[in-house]
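Each of the two complexes below includes chain A, the first together with chain B, the second together with chain C.
Presenting the complex of A and B:
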């Protein structure tokens, strides 16, 4: 879990200077501790959480200590907007359980994409962490899927065609092969003494 | 493609079996086995990435989610006889193509799942049925295409599993990060459709067994011909074949012990005190050596210096030994050495375990035998892993589990030694005067083996000039 190193150093140096007043020191140490413990997003991968429209997603934050309360914000460019569950009970649900909090967003749409901030409110200062949510439409994975399916169809067709082409004339009864390729091979392998009559008969058969 | 005119000539003479081309288009079928085994077993091995997602999304326990793989694997093994029977009736190509379609369909439907039950039914059941329809017929086709270099072909085909285990984990991770698990499952369904192409490549070498047999016999009435079709399709006559029953018991024991290290090696490494990276290095090394073992064993076995059952016994004995040595390795270098031995032997025994089947039951019944064997050996797999887990829970360490796994393998080795014709230097005699013309046209060769097998030498290791493998069809 990434701890902000700079804050730690800053806290230690400030603490040394305040040794005179023990009460101040204690408050300062508590403050430093709260700063060092950044809430941990469960299974955070440094990559955005992905979900789909009309699906639901759960964002979770965990901390070592239990804060007074949890708040969730959505970041709009530079400002934070508090997520108010009572105003939007259909879309948002917040479940706080001691040192954990879960934000469930239902009925996702593309506007829900963006940065979400979970804020653990302590006496001294709130502790925050963020996670990014990306909402995709269903067409996104469909593109590689359709590409692969097309590739499979082309491959199967090529394989079956190649087999029909490279087979020497099996017997005349298997005239279901209506390929240009097999027509050519049958023309080449039948003896040339057969007249046009035979060719037209074959073509009529192949047209079936 | 020099073999094709020869093949059509032989088909017109209509012998029951076609001589194996041993090359040419056969290598394309090996490629098909490569991709099929990669997309079936390599896929199954790398599904762990999804399980993390499922646990988080559905809120279920890891054990409930792991049932998905269990159901899929169980379907693949239990339905193998049906796949073999269908191939006997319809030919392998349509069966494998249908299997490819079903396995893809299962994943596509799974991407729409709203509960864990949906995943059981789609990823587990439907895809499992698809995998069953793919694996056994493809393996049988490779064995039909090769006689002399059968083990090498099998070994090369199975390397797909090892290589895909390396490639799929990062790929799946990327897919899940880019498209979430729903999109990733959809793309994987598309990837599984490639097995339809793998099936299209398997050109039939002759008419399917059941079609041939019912054509040759006269149909009395529809009912008895249907029953006889079922009987022939499933090759149920094998259940009274002593060699087959012996081998199926041996395979069950092998299966009980074989998978345990895959499940427990990482945990055991952690338990002893090695770091995550060290444990991962052990697994990677084992995987690489596994691939080498498959190819090397296939190549060596085709040289013909030792009979296949003897080689199988050597590899499984060494495998059992190395399993029992794993708990004894407390130093990291020792663990690496033992894991190398384990990986190599585990890979080495795989192509032989399949390639020895035609030698026991004959080429004609090979397909049905493979199906039934998979069904019977699944019992071993289903019992082995939970048993070792239970042992670990009761004793606290993995030592007893590994020793139990090793002893299962040694037990299987001992059972293999009771195979008929095991202690003879020559293989079992061919079933009857050859109905088929093998590549050497050896009617004389067939008579020669019959006279030779009557005076069987009791040595386990045989002299170099053994009978040519082409007679073992």
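Presenting the complex of A and C:
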């Protein structure tokens, strides 16, 4: 994709100012251009990517334009350490596909936590963005899970116990609001007694 | 329609008391059943990156879950007919919980399809059907309100699960979130434990259920007993032991099914496409998401509100018309949506649509209970969901196809509006016809009853005459006796 001239023009002008870091430069480029024809890394995540030990994770960077090449760095305090796939083929895999790049880290451990910087190398200046990775152990989500399971068991036990305890009370009481059993029986007895009354009435008539 | 179909339960439903706790349990179960598949979409992007698959492959997880939830309806009905609501709901809750925990250790997308999609879907099906069935057992007079309140679980849970899922995702990633969600969904077991089966002593033969004796049955779902009267030979008899397929001869039920198939084609797609449509109009992400929140909020209050309205003495007898009206209103709503300009237009549309959606959802199962009665409701809803499975699954993709072909959302809205309008008009006309026929049948039945009563009265009059004759005879005998005695 051809690089937009306006961006180049803008870049040249702003490059005169010395910026503290690359991100500031990118923001200024945005401002001077006003539109996203500037090669800015899209889909920047504010929140860290979370993964687990012995698992793998995929970190992705996307851009509107295709850079010359992509580089991945791991930030160690203030330094950047280039991730060399050929040196570590078991742990790292980089997959570049035009305007997007994916870094796959296998066999995660807690030391892999930290900031990862993807750098899109252009002629003028590389455009960079960072993603934070957090590696947790499995005990982290296990704690809330067990807490919830305990809560469920307690509630179910309480409800079933309450039902068992209130059952003998229902049997002994003659009138309960939601006791269909006693309602039905009283209805039945009423019907029966009506029938008995009718019979006695008829018999009484006969006896007269 | 006179609630004659509903009173052949054989007992008077409590209409209160523990019934409200059961409504709360159903609220939780229904909430999880409808909201859970939709809320999982938050994790799709990361899972898609993790497994390096396309969006449509990950979207299958939700589709499979929804499909199994609907297809599992008959299985659920059979189990409820046999064992009652409580064990089925608890089993369902356990199934979904275990499925989510297993999914959190998944290594391939197929693993997710099986765990979340199939097992999870079945578990949710075991939650949905029994919750609806047990409301029919506990309520009769206040049933529309109970239904409305229980169905309100869906928007409430969607509104709570969506931010909860986002929170879990930010802190634990998708694996940890699946594990914790497995625990959260176990609360369905709590809901199930609230669904106390009704213990009644059934009356000796008065209604059709002649096989029930005085033994206290744990549930009045003696569908097996009721089926003995319609014995057919061969495998039809075996099937009818488990599920009532004679429902397919029920006129009202067939009308309901056809109307439902029509309406479900255009029912869910507008919800799915509301946010993308807003973004297409140039509205930013947060405002588009806010539209969905407005929609869910209105929906939340529309459902119990509709239940209250449906319970009034003017609407309850003709509740089928109310349902037809809400479906038609839904259709009209979608037809005017593309005409409303700007963000404020979309907000108005979200409010009206929320109201319409809530009305239809609240009445969906209430009208079915009204048609077939609580006894056969379990089988009815199982058979209905498996038939609705098709349009529910095909609706959004077809709408998506329309959007892709025309590159404009308004044709999709017109199509959905027309489908729902067609369904609503069909239901109106057929229900009018059905009510007329039912009134005629009722009149014939009354005439028959009067004849019976008339003949019974005749019998009683004959008996009285006989008694009078006996009296006269006895009197004359006495007199004769007296005169004999008195004679010196």
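Following the convention adopted for this analysis, the second predicted complex is superposed on the first by the 123 of 208 C-alpha atoms of A that agree within 3 Å, B and C clash if a C-alpha of one lies under 4 Å from a C-alpha of the other, contacts with A are read in each partner's own complex, and residues count from 1 in each chain.
As a convention for this text, contacts are C-beta pairs under 8 Å (C-beta built on N, C-alpha and C of every residue); 3 or more make two chains touch, one makes a residue touch a chain.
Not measured: the values here are computed from a predicted model.
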Residues of chain A touched: more by chain B or chain C?
C
Tell me the contact category for A:129 with respect to chain B and chain C: first, second, both or neither.
neither
Applying the touch criterion given at the start, work out whether A:101 contacts chain B, chain C, both or neither, answering first, second, both or neither.
neither
Applying the touch criterion given at the start, work out whether A:71 contacts chain B, chain C, both or neither, answering first, second, both or neither.
neither
Contacts of A:119 with chain B and chain C, given as first, second, both or neither:
neither
Once the shared chain is lined up, is A:152 touching chain B (first), chain C (second), both, or neither of them?
both
Touch check for A:141: first (chain B), second (chain C), both, or neither?
both
Chain B and chain C contact sites that coincide on chain A, given as residue numbers
47, 50-52, 55, 58, 136, 140-142, 144-149, 152, 155-156, 159-160, 163
What part of chain C is in contact with chain A in the complex they form?
11-14, 16-19, 46, 49-50, 52, 101, 170-173, 175-177, 179-180, 182-184, 186-187, 189-190, 193-194, 196, 198-201, 203, 216, 467, 470-471
Would you mind writing out the residues of chain A in touch with chain B in their complex?
42-43, 45, 47, 50-52, 55, 58, 136, 140-142, 144-149, 151-152, 155-156, 159-160, 163, 166-168, 170
Chain B - residues contacting chain A, complex
1, 4-5, 8, 52, 56-57, 97, 111, 177-180, 182-184, 186-187, 189-191, 193-194, 196-197, 200-201, 203
Show me the residue ranges of chain A that touch chain C in the complex, using the header's touch definition.
47, 49-52, 55-58, 60, 102, 136, 140-142, 144-149, 152, 155-156, 159-160, 163, 177-178, 180-181, 183-185, 187-188, 202, 205-206, 208
